[in-house]
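Below, each structure is written out as structure tokens.
The same chain A turns up in both complexes below, where it pairs with chain B and then with chain C.
Then we have the complex of A and B:
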């Protein structure tokens, strides 16, 4: 091996510098996003109850609040969380416990296909199959759309966490005469409550953050929350629509919604991390 | 006793069947919806640059321009994400002190948790003005006056993908057997020499990360719709506004029922998007699995 020649040291220094600059760029971008949200959003968020409860002000007028959209978000995310858990947990169980069976193999491809579908595509399909027959966009259609987007994350997380349980536990259960599917629900799922909770949280995080699936399914009712089968909106949709408007007050409102969404997402993300240690999102 | 087991299995199987039905519904609904325009336009749908729903009785539908836009944004965003994440992984593994490593870990975690619409809002209000003020638009023939351009969209999408790409690359880098790292140290290899050898060993995972990132960039709608400037334009120069297939859907699907063929055309565009995203993601996932199975000794 050559000694530490000047050339090697220079190259090493250059590589050190460029890679450090890239890492710094990532750090800088992340901080700039979070700081922008804080600086622009905090004054709006600090309006407190009027921000959380009121509808948006008229274009060019008062700032108002995000009340109806917040209600829409809570309702759609709640429904999507429940629905994606109700389908994703059994699907994950099937993928892990019946590995190799025909049903599991087909389901594996199905989960992959749903995961690979761009979320706007899911929105389009729900529009065709639900919004058109119902003749109106609704919170329900948005929730269905979000459930489908969240579903593969829940299923994959449940499968991974079940697969991580050592075989000996299953053997012990079988040796005591417990049947296969009872073992799953009496032993493996309770043992693995953390993994399942992580899966549900991941699903709700996905549902909270997505915009494209609700673009055509929720409607754009920012002024009033009419109910579950009526046009509705979510925080992410409000940001999407208000971000590009020429009205100063609506853009400020969008920043307030950004900060609220960031805080909610961070809360869910840190809960997930605390539960699961390391999770790939 | 027997009956209760059957009930559990039946429940699980029913839920699984519903999941399969959802996947089938996605493909079927899009195929049926798009059959109209595909029968009419044939290959012209993909090859023709002419998109004018309001013309004649049915309109003309060709997605060549948005397709090129999707490719341009996808390639640039993937290049940015892979360059940033490979550099960051090398820095974090070979050079960074522990506290810096922790700080960047937190930044990556925060970025991974951010909804895409937040990136979109930031791109629109921070990156686009920067591109405009820097005068980058004047470098192109049809440069963007607002700063919304292919490059703006690709930069923001690339940043959004960076935590994802670097988690894939970093996992592979960590999986290289420690004896190799020890051997490199014992030979007196410096940081860049260690990185060169180790990156050579994980190149399959880097390829996988690139494909997975590309698959996500192709389908990304929220960021792109806010930052690309929505124009029918052949984006040969990165500082011009354009459309991607996803931004086209986002901007026109809402009023699509007003034109006879538009709904079908946009569904066909969505089908194209699904095929592109599914193909690259499936390939990427396959390479990633193979790379992990080889235990880093690729």
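Then we have the complex of A and C:
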């Protein structure tokens, strides 16, 4: 009996140790990302307005700033957020409210297909559909590819937030004798407005962090933000191109951009968590 | 003669593989309180939800047979939506919309249906709250969240919400089941008052309540009609002895 009890305790300890070790490993990785970004990026970020507004310095010269890429990021993410919400909310509504119908099943598969596609494939498809006919990469093409990548997240979150509305409220809403679209868009969605807002923020987080879809579509205009129909750049692209160069000033600039991107992502994530935490349903 | 408020013929409802209603045929005359009686799980709520099609909100639900509401076949006619807009419903659990104020819970139906706005809407909300015997208790806090009301008040708010859309037919699914005796008595008084103006279908498992409120009704057992007609003839024996003999005969089969 005693032997079995010791064995059980040993197994118990081993499981505890393994779970604690994996938790620590994750914590270590997360801290390493944040600390590296802080140590390398903070001195650059603390340059303030010149970092946020100026273009990058010449190779091997001044550090400069990420102004045009930051503008490109804000514009592309804003357009991608609006576009993914405009398509993703109705798609999520259909996935939830028409579930079981042929159209909803096809749409569900399409959404899954996009979600499962490597994002670089999305970039390449938008390149052939938009960049080639326009004869130029642009902030608009980048925004379109980002919105496609963000779309499944928005649609899935909207579907979940509608599905989370308890049947008692759903029945009450449908018992008022309104047309179905009015019941869904004017009663059920406002009932879980925070869930839908969370969906939109999740989409913008996804758009902010992606690099692969904008590789072929945004262009590489790091010196000037020319406008939405002209070649552009984003923070993630700047990191991708500048971090691998032999120039010390460009590598430092890339670290500054890393920290800025991490901070923007954390801001969106904390907003999303606060909203999701307050979702009533 | 006007058509009945509700007429079903050979109505069957399935949830996936399990059949909840078996060829139910009932006729609900206008201007009455019609009771749907039966033990738990006999299909009372399903029958009510088949009438206003809420049953279709449930996963895997399937309906066969005829359901005529205010003269319209609601599963086949194009005018079903219009007919169902003249049907209100009150549920077993008070379920005011949690994101809306007391005022907006009542106003939302008429507002979204374009029935009234501005002062007209204010008047309609007041009328509905008065009808539901709630106005005096909430008139000074119409902007408060509906969740701030007690259970009994919430149920009367749900009645006001249903009345504000001016229904000709009111479906009530055990509206007093989750209330204490005092609040239950208030709701019963309200049902008596309302029955002068609207047809009411009242689902209940309380035979005494059915006797107090309804003139006609139907007794369901295991998804089938046992008897339909005047309440006095349905409940000619004591309710418990009827149920006991039904259960006994079901066991023998």
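Rule of thumb we're sticking to: the second predicted complex is superposed on the first by the 258 of 281 C-alpha atoms of A that agree within 3 Å, B and C clash if a C-alpha of one lies under 4 Å from a C-alpha of the other, contacts with A are read in each partner's own complex, and residues count from 1 in each chain.
The definition used in the following text is that a residue touches a chain if its C-beta (ideal position, glycine included) is under 8 Å from a C-beta of that chain, and two chains touch if they have at least 3 such contacts.
Keep in mind it's a predicted model, so treat the numbers as computed, not measured.
Chemist: With everything superposed onto chain A, say whether chain B and chain C fit together or clash.
Modeler: fit
Chemist: Once chain A of both complexes is superposed, is A:179 in touch with chain B (first), chain C (second), both, or neither?
Modeler: both
Chemist: If you stack the two complexes on chain A, which partner ends up touching A:124: first (chain B), second (chain C), both, or neither?
Modeler: first
Chemist: Now for A:31: first (chain B), second (chain C), both, or neither, which partner does it touch?
Modeler: Touch partner of A:31: chain B, not chain C.
Chemist: Name the contact category of A:215: first (chain B only), second (chain C only), both, or neither.
Modeler: first
Chemist: Looking at the overlay, does A:187 come into contact with chain B only (first), chain C only (second), both, or neither?
Modeler: second
Chemist: Answer with first, second, both or neither: which of chain B and chain C does A:240 touch in the superposed model?
Modeler: Once the two structures are laid over each other on A, A:240 reaches chain B alone.
Chemist: By residue count, which of the two partners contacts chain A more extensively, chain B or chain C?
Modeler: Counted on chain A, the partner with more touching residues turns out to be B.
Chemist: Just chain B (first), just chain C (second), both, or neither: which does A:82 touch?
Modeler: A:82: touches no partner chain.
Chemist: In the overlay, answer first, second, both or neither for which of chain B and chain C A:197 touches.
Modeler: A:197: touches no partner chain.
Chemist: Touch check for A:263: first (chain B), second (chain C), both, or neither?
Modeler: After superposing on A, A:263 lies clear of both chain B and chain C.
Chemist: Quick one: minimum Cα-Cα distance, chain B versus chain C, in the superposed arrangement, integer Å.
Modeler: Least C-alpha distance: 8 Å.
Chemist: Where on chain A do the contacts with chain B and the contacts with chain C coincide?
Modeler: Residues common to the chain A contacts of chain C and of chain B are 179, 182, 280, listed in rising order.
Chemist: Spell out the residues on chain C that touch chain A in their complex, using ranges where they run on.
Modeler: So the residues of chain C touching chain A come out as 49, 52, 54, 57-59, 81, 84-89, 91, 93, 95-99, 108-109, 112-113, 158, 161-162, 165, 167, 171.
Chemist: Which of the residues in chain A come into contact with chain B in the complex?
Modeler: Answer in residue numbers: 1, 4, 8-9, 11-12, 15-16, 18-23, 25-27, 29-34, 36-37, 86-91, 93-94, 103-104, 106-107, 109-122, 124-125, 127-129, 148, 151, 155, 179-182, 184-185, 205, 208-212, 215-216, 236, 239-240, 243-244, 251, 254-255, 258, 261-262, 265-266, 268-269, 273, 280-281.
Chemist: Could you pull out which chain B residues touch chain A in their complex?
Modeler: Residue positions touching the partner: 4-5, 8-9, 11-20, 22-27, 29-30, 33, 83-84, 87-88, 90-92, 94-96, 100, 103-104, 107-122, 124-126, 159, 162-164, 167, 187-188, 190-193, 195, 215, 218-222, 225-226, 246, 249-250, 253-254, 266-267, 270, 273-274, 277-278, 281-282, 285.
Chemist: State the interface residues of chain A toward chain C in the complex, per the touch definition above.
Modeler: Where chain A meets chain C, its residues are 100, 167-179, 182, 186-187, 190-191, 193, 280.
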